[in-house]
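The two complexes that follow have chain A in common; it is paired with chain B in the first and with chain C in the second.
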Partner chain A sequence: MADARLQAQAAIVVVGSGRGIRLAERADLGKLELRGDPQERAFLGAIGRVLDLLLPVEPGSSASKGDITALWQAPDRWLITCPLSDVPLFAKLLREAIGPDRHAALCEVSDGRVAFSLAGPNARDVLAKGCPLDLHPKQFRPGRVAGSLLAKAEILLHCQAPDHFDVYVARSFAGYLWAWLEDAGLDYGVLVAPS
Partner chain B sequence: MKIMTCPLNGPRNIAEFVCAGEVKAMPDPAACSDEEWAGYLFLEANPAGLIVEWWLHAPTSYWFIAKRDTVTEQIVATYTVEQFFAQARAAA
Partner chain C sequence: MSAQPNRLAAGGQVERGRPLAFTFNGRRYQGLAGDSLASALLANDVHLVGRSFKYHRPRGILSAGAEEPTGLVQLGEGGRTEPNLRTTQIELYDGLVATSQNCWPGVQLDLGALNNLASPLLPAGFYYKTFMWPPAFWQPVYERLIRRAAGLGRAPVLPDPDRYEHRHAHCDVLVVGGGPAGLMAGLAAARSGARVILADEQPALGGALLAEPAAHPGQAWRQEVLAELAGFEDTRLLPRTTAFAYYDHNYLCLVERVTDHLGPAAPPQLPRQRLWKVRARQVVLATGAIERPLAFAQNDRPGIMLAGAVRRYLHGYGVRPGRRAVVFTNNDSAYATALDLAEAGAEVTVVDLRPQAEGALPAAAAQAGIACRAGHGIVATEGGQRVKAVICARLSADGTRIEGARERIPADLVCVSGGWNPTIHLHSQSRGRPVYDPERGCFLPGLPVQAERSAGACAGEFGLAACLAAGAAAGAAAAEAAGFRASPPDWPAELASPAEAPARLLWQLPAAKPEARAKQFVDLQNDVTAADIRLALREGYASIEHVKRYTTTGMGTDQGKTSNVVALGIVAELTGQPIGELGVTTFRPPYTPVPFGAIVGRNCGPLFEPVRRTPMDAWHEAAGAVFEAVGQWRRPWYYPRPGESMATAVAREVTATRAAIGLLDASTLGKIDLQGPDTAEFLNRIYSNGWSKLEVGRCRYGLMLGEDGMVFDDGVTARLGEQHFLMSTTSGGAARVLAWLEEWLQTEWPELKVYCTSVTEQWATLSLSGPRTRELVALLAPEFDLDPQHFPHMSVREGTIDGVPARLFRISFTGELGYEIQVPARYGLALWARCMALGEPFGLTPFGTEAMHVLRAEKGYIIVGQETDGTTTPGDLGLDRLVGRKKPDFLGKRSLARADMGRADRKQLVGLLPRASEDLLEEGAQLVADPNQTPPMAMIGHVTSSYRSPSLGRSFALAMVQGGRARLGETLFVPMPDRMVAVTVTEPVFVDPEGERLHG
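On to the complex of A and B.
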């Protein structure tokens, strides 16, 4: 669900050249939090058949196919993203795949987490101002995911492309983090694109 | 920037971690005295020197064990829970 306050900001902000970073809320992104045993092959298989991709089990990795992405969050925890309109369907199919007796859980967090898209030649520079991760292009490559802190707020960071990142943050921190990103981007110029 | 090496996630900033106190053996709550149980819950040896502690990497909810020096503030080693207790059993 789009955050009215962020959208209102999104309509007006172009700072400096606007060329350093492009900032947008991915308001049309649905998010599902999945928990389960990564050692259980039947579980990975059942989920894999629904999503048509294998859940990533290596720390800090992700898997993507079409408009569905699975992000590794913890050894037994994944964030699955899909178009917002597909959430009811995937939630139903995933619950069926989990079944009634398995020790696993699915929870929709589309409104609980906000996704920002941060792209542009200076995206890494802006993130590096507030994030302690090693963001060197050889270390944090496309496809990598990491839970960390950005400006003291807990985030999940996903590298989509060398200069394109998605930042997931709890909704209660979203307004703060958005303001911080606009401010941190001042040196390079920020273009806020309505999503 | 202080770095701690998480056995799962590799080197990360210390700000991502939470310390949960010394590793110590739990007495049997059904059999031990109140003093022993209170000691287990509330008393720490708090040595000046090497200490072995439970740590949590908060973003991934991952628990592990770290050995650090309380005098020099250096992190000497980090272990997975399995590694640590396998070593402890082998030493015992």
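On to the complex of A and C.
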């Protein structure tokens, strides 16, 4: 059965000068939402062995290794991302690691949450048009994660690198947010590139 | 095109080599780049700009800044036109078009000026006294008249073609005002490494220095500071930016005029204006001071200006607004204007209210040979559309009477100074309470309530050196408070201003004419005179808030920036109360008017509100669906075929579903994944019905009640595993229900081990209903065993379709045999298309929300929010079987035990059949038992849902009726404006009451 990318850009689209930000859908990103007790060392250890990284427990932090990233969303809630094709395997391994008796929950949300990648020298300027967070490079550093609003959409914002952000948004809002980002980038220029 | 008679040969920050053409009232003029519209008009000797609000008196330009009450124009044309703009703050651009306001046919001959002749009949409170009688006249006559007369300019009627943006910003120190104190504060903070935003409403930073000559040492200092500030990476300078609102938690809103000064030449990708939403750790207010006029007789003629503003025109723009000037003052500062005017070649006379003028500036003026009438006041002025002369006279020692002979001094310019009011608006907005300082004769900022401090003239520190010192200290203190190590910067010693002698405060001045004709204006915009204020007091309005409202002092677009304190002073003198005890009226945002466009930002047009789309939205759109907004979701309402009306399309969709198969996009329904050993117990508490005995693989319909026992949400929840459930909620209730579940888990029942995760958007949901559904599902999902023995109604199975994970539910919201298929959202569109292709031989018909409503209503299935309204219990809906009274507890249980819940006359769900089968009731219509009552009738219920039923071949309705279940068979009546509709009360289930179709 054919799947459908939301912003299936086969071609490169340039808005304005195209130099300020690069915008792309990370359509091949798999997402798993994990719930569990951060006080329970055995849980953190079991998950850590599967992902080969320690789940971040500090609020607003993340952990990354290779193509796996764990984003802190709440004290007992993480978003784990990996290549979409690896989701079935990771889901299975994580369920095994959790085991039948431990209280934890895993849900796949690859389809429910869409990830946009926003990069370029004006990425922070564009975000600041709709996001009330303090996005100063000293405050929102690479690795930081925060739930917030972007325009009228609820988002999870992850700073990948000084000029590179991932924006997670519920699928049904993605069209609105994409249009908003293209519009907000108008004065800096937007390059829409297929991921 | 005319020459610029008032432009000086040199001076000002204007670009002499860049002339700009503009049009005022249809006449073409020339100004220079760097001019404000006001300075360009004055350069052309145009003082008459508009007509006053009430009396239509000729009015000119009073000031050079934000306080301008009268020099207002309608700027631009078509969709870009904007009313009530201050000429003093409009930067001139080539091709600018402006017109006068509040006059007809023109500003020079204005018929409204007849009001002026009648002015003795139009005192304060005229409206309240006149437009009272007869009451029937109020709306059709008076309101129309008043509305026509009200306002100054005209609101645009075309859409605004410009772009506006919002921008969030955070900083350690926000400095409002770029004058000497603000620049110093910004420098102190920036040097400490703090993140600084420095905003100033003017195009150039410098504040009061902009009114100083080019040779003033402050100019070089200003350039040096600006250059240094520009070098800090974390300092943002925002000229052309007004901080207009100060909210809680140091949240301030600023409006930046990004391209206003470019006019139509502005680049299209830039916003016209930008609204900054700033969170500042510390705020330094360096907002300066606004000069106060004096309330002398006929003080409103064009050509009468504030003394400080005249200096600004001289030195900032190279414009000398008149040749024969009288400077009327109660303090030293206006002597600087006298000196500069004389220097610029004007003939100058000073009239000083003080018996002696002995400061350094008066001494310099005397030395320059400028005539001074000390102890005098202006008691009248002459002139029509421009001041021609003033009449001055010696005043008695107490200032209340004219003593000496009257002297007529010809003048085409009168420069007035009644002292200075610190600009405390933002401090007041931040909840600070200003205090009156009798020594300085002005209100000063009180104790800070938020993390803010005032520095410079806005704190009553009026000399240049005092401003620099205060700014340096405030900037350093703010940076320290924000966690930085800071020290106050130094400044060149030559930056000082002469010491000034105290002012003489005389709020009421004697006039040559009797009170009613003296025209001593206090509020130049609203035409409020000193006599109006006296009248208000005579009529018993003692509180300053009442005086303000009765006379409308300070209520115009300028919010009384030049009039409030004068009005207070007059009230204080008349009542004998100290000004400080009268209090000052509270300032509220905005400081100056903000265009709606800036407030709206990009939240307009297609970005006005998010439109949530389901995974199958593209198919619906291609199929020509008409959409309905369900909250932010857009859902197909119905799918009309060419030429079909809505009624025909809906009837076709309903009939096809009952006869063959219908397909509904149900992806918007909320889905919450619940996992954990205590989930069944949690559901027992959250839902009114029982969940412990639900087997794995089975589903149950549940009602969720609030603590008040009222239905709050409903939906089907499936048990996917021993500890794993999937809850569905209403489309609109998804977020609310998740928050509700989390609230109970986190605050009341932390001992329950349950994790809730929203998966609404993860799954696309296709809902199939109709007698042939099983045949189609068998083709679509061959891996599932559909045998009703193994897969009965209200069950769920997990598996795959074409290798894609899928969940298949056997549930129904139509009363027909029904299956719901969920696949990951990215496959929704493809599965829908395949479903349509495979379903064609069966007569598969997509149906929208309208057909869904008809189908469910025919079965008496409720919709939360349609049949219920927050006062509806399960019992009211006939759903008592869903109340697990034997359960130890559940949300709402205690409330259901209240006596009121058992009343026999509660409104209960029933069906209605209109007597005439074609009669369609209106949803929301009221029901009465006796049609012959005289209104107001006793209303015993209301229609909640009403449709035409293709299945019944007639109209029907659902309703909530008092004691409804005991009324089955009764006839009730629906009074409509034009008729009385008789209806029969029935059971609420109209189709297949035995439920045979469901279980087939």
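Keep this in mind: the second predicted complex is superposed on the first by the 184 of 195 C-alpha atoms of A that agree within 3 Å, B and C clash if a C-alpha of one lies under 4 Å from a C-alpha of the other, contacts with A are read in each partner's own complex, and residues count from 1 in each chain.
Heads up, the rule we're going with is that contacts are C-beta pairs under 8 Å (C-beta built on N, C-alpha and C of every residue); 3 or more make two chains touch, one makes a residue touch a chain.
Note that the structure is a prediction, hence the values are computed from the model and not measured.
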* Among the partners chain B and chain C, which is in contact with a greater number of residues of chain A? -> C
* Contacts of A:Ala105 with chain B and chain C, given as first, second, both or neither -> second
* Check whether A:Ala151 is in contact with chain B, with chain C, with both or with neither, and answer first, second, both or neither. => second
* Pick one for A:Gly130: touches chain B only (first), chain C only (second), both, or neither. => second
* Asked: Which partner does A:Glu40 reach: the first (chain B), the second (chain C), both, or neither?
  -> neither
* So, A:Trp180: does it touch chain B (first), chain C (second), both, or neither? -> second
* Would you check which partner chain A:Asp163 touches, where first means chain B only, second means chain C only, and both and neither mean what they say? => neither
* Partner chain in contact with A:Asp86 - chain B first, chain C second, else both or neither -> neither
* Where on chain A do the contacts from chain B and from chain C line up? -> 132-134
* Which chain A residues qualify as touching chain B in the complex? -> 59-60, 73-75, 77, 132-134, 146-149, 154, 156
* Can you check the complex and tell me which residues of chain A touch chain C? => 1-5, 16, 33, 35, 76, 103-105, 107-113, 128-134, 136, 139, 151-153, 170-173, 175-177, 179-180, 183-184, 186-187
* Asked: In their shared complex, at which residues does chain C touch chain A?
  -> 165-170, 195, 234, 269-271, 277, 279, 602-603, 606-607, 609-615, 618, 633, 673, 675-677, 753, 755, 757-763, 801-804, 823-831, 834
* chain A-touching residues of chain B, taken from the complex the two chains share -> 1, 8-13, 15-16, 58-62
